[in-house]
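Two complexes, one shared chain (chain A), two partners (chain B, chain C).
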Partner chain A sequence: MEHKIAGWGDRIFTIVIYTILSIIMLVTLYPLIYILSASFSDPLYIAKGEVWLLPKDFTFSAYQKVLSNADILTGYRNSLIYLVLGTTINIVMTTMGAYVLSRKDFKGRYVLALLFTFTLLFNGGLIPTYLIYKNMLGLYNNLWVMIIPSAISVWNLIIMRTYFQNSIPIEMQEAAFMDGCSNIRTLTSIVLPLSKPIIAVMALYYGVAHWNSYFTALIYLNDHWRFPLQMVIRSILIQEDMSAMAGGEGESLMQQLLLIEGMRYAVIVVSSLPMLLLYPLVQKHFVKGVMMGAIKG
Partner chain B sequence: MKKIHSMIALMLVMMLIISACGDSNTGDSGNTDQEKIDAAASNVNETGFPIVNEPLTLSAMVLLSPAQPTEWNDILAWKEYEKMSGIQIQWDAYTSADINEKRNLALASDQLPDMFYRTKMPDNDIDKYGAEGSFIKLNDLIDQYAPNFKAVLEKYPDVKKGISAADGSIYALPNLTDSPSIEINRKLFINQQWLEQVGKKSPATTDELYEVLKAFRDGDPNKNGQKDEIPMTADSLDEAIQVIRGAFGLGNRGMGNGNWDLDPSSESLRFFPASQEYKELLVYLNKLYAEQLIDKEIFTNDGTKVLAKNEQNQVGSFSFGNVIGRANSNADDFVGLETALTGPNGDQLYTSARGNLGSRGAFMISKTNPNPVATMRWIDYFYSEEGSRMLYLGVEGESYQQDKDGNYDFLPEIVENIPEGSSFDQVVSKYVPYAGGSLPTLILEDYFKGGETQPSAKAAAENLKPYLPEELWAPFSFTAEQFDEKLSLETDIYGMVTQRTAEFVQGKASLDEFDNYVAQLEKMGLKRLQEIYEEAYSRYKQ
Partner chain C sequence: MTPGEDRGLVKSVFPRSVRKNWDLYLLALPVVAYFIIIKYLPMYGIQIAFKDFSVSKGIWDSEWVGFKHFIRFFNNYQFWTLIKNTIGISLFQILVAFPLPIIFALMVNEVRTKWFKKSIQSITFMPHFLSMVVLVGMIMAFLSPSTGLINNILRLFGQEPIYFMTEPDMFKSIYVFSDIWQNMGFSSILYIAVLANIDKQLYEAAMIDGANKLQRLIHIAIPCLIPTAIIMLIFQFGSIMDIGFEKIYLMQNDLNKPSSNVISTYVYETGLLGSQFSFSAAVGLFNSVINFILIIIVNQIAKRVSSTSLW
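On to the complex of A and B.
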């Protein structure tokens, strides 16, 4: 705000903009604050709807329950494994794919690109895919089902290819060849060092996707000890009231209701924490990277 | 979300294709079933235990309650039964969040477990996949290999009517109860402390109930000087209606068929939300609501909220199956009605009840099962008294005992040492698999130790039992074509009933518009729906 505000018109304009932005900020921020406050409140007050901004009857009990819940800890561990392993494979595969497709001297790259794009629009559908994974590929109830089928996202591949094409001058690669670089050497010594922003962005995209994915696990995983965190959270959050069933749940129903109410918010906080921490680290690349890939493409 | 939607859409398409293919095979599925039965029977002993001579392993899909260990075979009762029967079960256990997807996927892709054990199978899917041949038709198996279940069918005639498909085939074994306290679905519990405080006695008519609730509202029975009392609450408006409607003569064949009962004057089928008595009920409820005698949050309530209100001692009466599920620290204050309420026209009936049939699709044997005979014998045990006891109490000496008076209960060292942070169900789930309900078995009151058989709920049920309808219907069965038509009609009509009921009770719509509302229902196809139900009813009566 160092520049001088010229006239009334500008001043009103600024005020209006700031008001609108503040409202948007409040609307976005409120749910986050609410969840944070609720996670520190006594579940009884959440159930009664008395928590609305600040924690009521401040307590860590929900976090204690969450962190002592074996399922959640296993889920956390599994999610981290899927995240690290999955993202590493994603980056390697996507980089290699994108590099090949970005080379103008590679014959048949249009056909290849078309085939890739085709899968972006069409797929076999859930049940045929399920049958193939289960009966032919042996991926059912297997750790790799979380990683291999999603090894490449065509969308990200295209973004990356565009980046390679537009941000790294082909002359530079030709120069590298003149100096005796092989394709691999060109990729590792010339292209990759120049592509850090896009790699950071890809890591974030893929990482978030891995962290949030539950559908693959829901369909293809069977053993509870393989479940990623999102599956565990899902079963905690979508706990149906079973009292309607014959035989009832009796005493534990009440305890469960309050337990779930309390854990619900703490679980959300705990599970979004890694991603919230990751964003600021990658953010500076984020803006740069996406712009470079997308706009010039 | 978009991805999921498209996946579900694709799944539906595939289901159609698969079901179309399946139709051509249904003709000979009966034969293959029979061959399989004969082939596998050689390994099976016709009576007694063990069931099989050579060890047999079967796979089963099951719904996992959050209280239970994720490895179902760790439960004592299953270990014991495996030793007894010689049959090992490989349980694929899914939580309630996942079971629907897993079950639909298994059925649609035809990758079936050997049996479906408590999988929340909807009634329509039983008939549909049964007719397509995914499940084995059980009529003959029951006849030959299930003496206990056969005895149950003879004992409870409503069960036999309720479990058969429209053509008489039985594809699923049900969850059954023989306990008024469980069968009386919702009971009205009244705060006795408050009753004493305001000097009233337990109401016996709807007018008295009104007076009591008014006294609760005005008399400051929780003595905090604030007018924060909620005279009556429930998880939903529907549950509040359930405990009152009998006094208006509504639902006089129980809850088996939802909003359908018999017209007392003509003995013909009646859709009671379109009756004059229903209007009287709405007038009454509207009066309660307008005078703030019913929780004003009843339309957005849920169990946790009722519980929280009870923790603050704000509730005068509530509708639920038992006390302990909705009241914690003041649970001892609540007692059920002493008698069924008498309505303005002299009806004294209590209709929030069902027959012995808890749920229809608790257990199915799939066509890929290698040994249906052994499977039938395996499950039949749980319809006997000893079997039911094993499911609900475990093993004598290890998890339960019988006291001097012949009462059964868990061993004291198990239930008296519940560790901090865990629940009764979690503790007993190491021994017995019943948590989550709806097991394919016959629940007997003496063995069941859940909320419904706690003294307060049991006493409430005893008081109401004499006023139950003389006949409680099991759900009617419909043919596939009827079912589809019925479903689309019901979606519209029932939705309208729920919406208009809420509006009438809240006073958003005047009750002068009642005839208007009935005419609207007629326009939506109530006549056609009535025909479908009448056809099903005439089949049911046979």
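On to the complex of A and C.
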């Protein structure tokens, strides 16, 4: 009898949870679907508030405008360069630091760990950092400012170190040492091949950070032709400086305003798509990698 | 010198562990150099907070002025507004946004249907990968008084459009709720991982004792999450004065400034736009020192309360 009551309680419990989660899913998805639909709709219907779920009067016109815009294309190219170069350096540097910290027989790992983690608690602050980078390191308006200052994230370093410690058996490494392998050789031929999931996750974290950042560019870059995509779309989406983009002779002011309204959504889609496409590829490693890295830390 | 002698010299200067692991030091070298040059060297520049920095004299040769800039900041009419806004947004964020990923993780953990679990995770992680610029661009598009989705809905119900972005009272809510939309799913990963690691035998034992799902959630899942939750809460309280610049700066406009002006945007404005380097460095240092003290205090508290701490 008691068991039966518990059964009913469990059923209600399950229904409530599935309902709430379904609502959360819809609330998360709806804005994204709306953006996608609006980007393919005739701007007239967006302005009139007649786009609700599906595109109305399907058109590519907003995309044609966006993809023929020189600023956006330059931004796209720059962001790709910063992404590839930056993430490569991120992975190399983080791997080196994390491997050294993971080796329990390495003297001085505590001092190094302290040196690294202290920077999480305290840093130079915006203005002193700006002055030093600009006047002593020559990073102002320099391509490398997009790469070097973000070369290592201490959080990622810790996650990767934990992964090396917990998921790569030290016995395998010791066997390699017995065979006369140097530490570097062991790292490249034993440890790294076993670390693909965590490297994939790190590449995603770092890659997304590079693609999405605008702060460094805002502060340190001056030339427009060096701007990453985020700075370009910032002037379009936030500062609403679209007059130059709509362009086109012979179009009335009203038509231009409408076109701008439509382009806003296409800009969002075009700039977000690479990361949204990249993430499912890594997702299978993702929860696993984070779990192995973060837990038992 | 013969090779043999050479080796003897190396032997006597370096201890055995260094010789055995010499290439580990080689690996560590660029990393250490990075931290010293990129992270520690800027701390040398902090001294300008106590100086009257002039570009021509440089950091070292500018004149010492003691706490002048700090006193000027404390007496500034904006001082309390900045503190109030900074802490206000953080506290609201912690109160509303902190518990949600935990509750969400507990719910996801109860889902047994594989495809449903997969899709809820994939979908709720997605917004995390949107950039700040895109997120704020979306907020502005949706909240636009003339063409925005939200005001279109209000108009359906015969309401007047609301000027969300220029209304100071709305700022905090827009900030926090958009953050929940963007990050709740992603922040839950850690908790979902902890829940997945709970020993299945605990559940089996509870089932034999006749505990229903709700009871198992309350007596097994929640207690297992508490240590992790406390560590996360420490981070949050430790960074209560460290509210991010990126999103607020993008959302800010002249009309909502009374509630959107926080320390980080003020430092940027006075320092980089207004070229008051020493003054803004002092404001920034004041902020960093408070952050540093806060995180040490909360860490001590956590140590005493639950024997979990950061160090």
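One rule holds for everything that comes next: the second predicted complex is superposed on the first by the 264 of 297 C-alpha atoms of A that agree within 3 Å, B and C clash if a C-alpha of one lies under 4 Å from a C-alpha of the other, contacts with A are read in each partner's own complex, and residues count from 1 in each chain.
Here is the rule we go by: a residue touches a chain if its C-beta (ideal position, glycine included) is under 8 Å from a C-beta of that chain, and two chains touch if they have at least 3 such contacts.
Everything numeric in this text was worked out from a predicted model, so none of it was measured.
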Check: First (chain B), second (chain C), both or neither: which does A:Leu115 touch?
Finding: second
Inquiry  = Applying the document's definition of touch, where does A:Lys65 land relative to chain B and chain C: first, second, both, or neither?
reply    = first
Task = May I ask you to decide whether A:Lys134 touches chain B, chain C, both, or neither, giving the answer as first, second, both or neither?
result = first
With both complexes overlaid on chain A, does A:Leu44 touch chain B (first), chain C (second), both or neither?
first
Item to check | Which superposed partner A:Asp10 touches (first chain B, second chain C, both, neither) | outcome: second
Per the contact definition in the header, classify A:Ile219: touching chain B only (first), chain C only (second), both, or neither. both
Comparing chain B and chain C in the superposed model, the one touching more of chain A is C
Note to self: Tell me the contact category for A:Ala151 with respect to chain B and chain C: first, second, both or neither.
What the structure shows: second
Exercise. When the two structures are overlaid on chain A, which partner does A:Ile20 contact: first (chain B), second (chain C), both, or neither?
Worked result: second
| message | Once chain A of both complexes is superposed, is A:Leu80 in touch with chain B (first), chain C (second), both, or neither? | response | neither
Chain A residues where the chain B and chain C footprints coincide 47, 49, 125-128, 130-131, 215, 219, 234, 237-238, 261
Chain B residues touching chain A in their complex are 3-4, 7-8, 10-11, 13-14, 18, 65-67, 70, 92-93, 95-98, 101, 105, 108-109, 111, 175, 177, 182, 302-305, 307-309, 311-312, 320-322, 324-326, 328, 358-359, 421, 423-426, 434-439, 443, 448-452, 454
The answer for chain A against chain B in the complex is residues 44-45, 47-49, 65, 125-128, 130-131, 134, 215, 218-219, 222, 224, 231, 234-235, 237-243, 245-258, 261
Per the touch rule, the chain A residues reaching chain C in their complex are 2-3, 6, 9-10, 13-14, 17-18, 20-21, 24-25, 27-29, 31-32, 34-35, 46-47, 49, 93, 96-97, 99-100, 103, 105-108, 112, 115-117, 119, 121-133, 135-137, 148-149, 151-152, 182-184, 187, 208, 211-215, 219, 230, 233-234, 237-238, 261, 264-265, 267-268, 271-272, 275-276, 279-280, 283, 287, 290-291, 294-295
In the complex, chain C touches chain A at residues 17-18, 21, 23-24, 26-28, 30-32, 34-35, 37-46, 48-49, 53, 58-59, 104, 107-108, 110-111, 116, 119-127, 129-134, 136-138, 140-142, 146-147, 149, 152, 155, 181, 185, 189-190, 192-194, 196-197, 210, 212-214, 245-246, 250, 264, 267-268, 271-272, 277, 280-281, 284-285, 287-288, 291-292, 295, 311
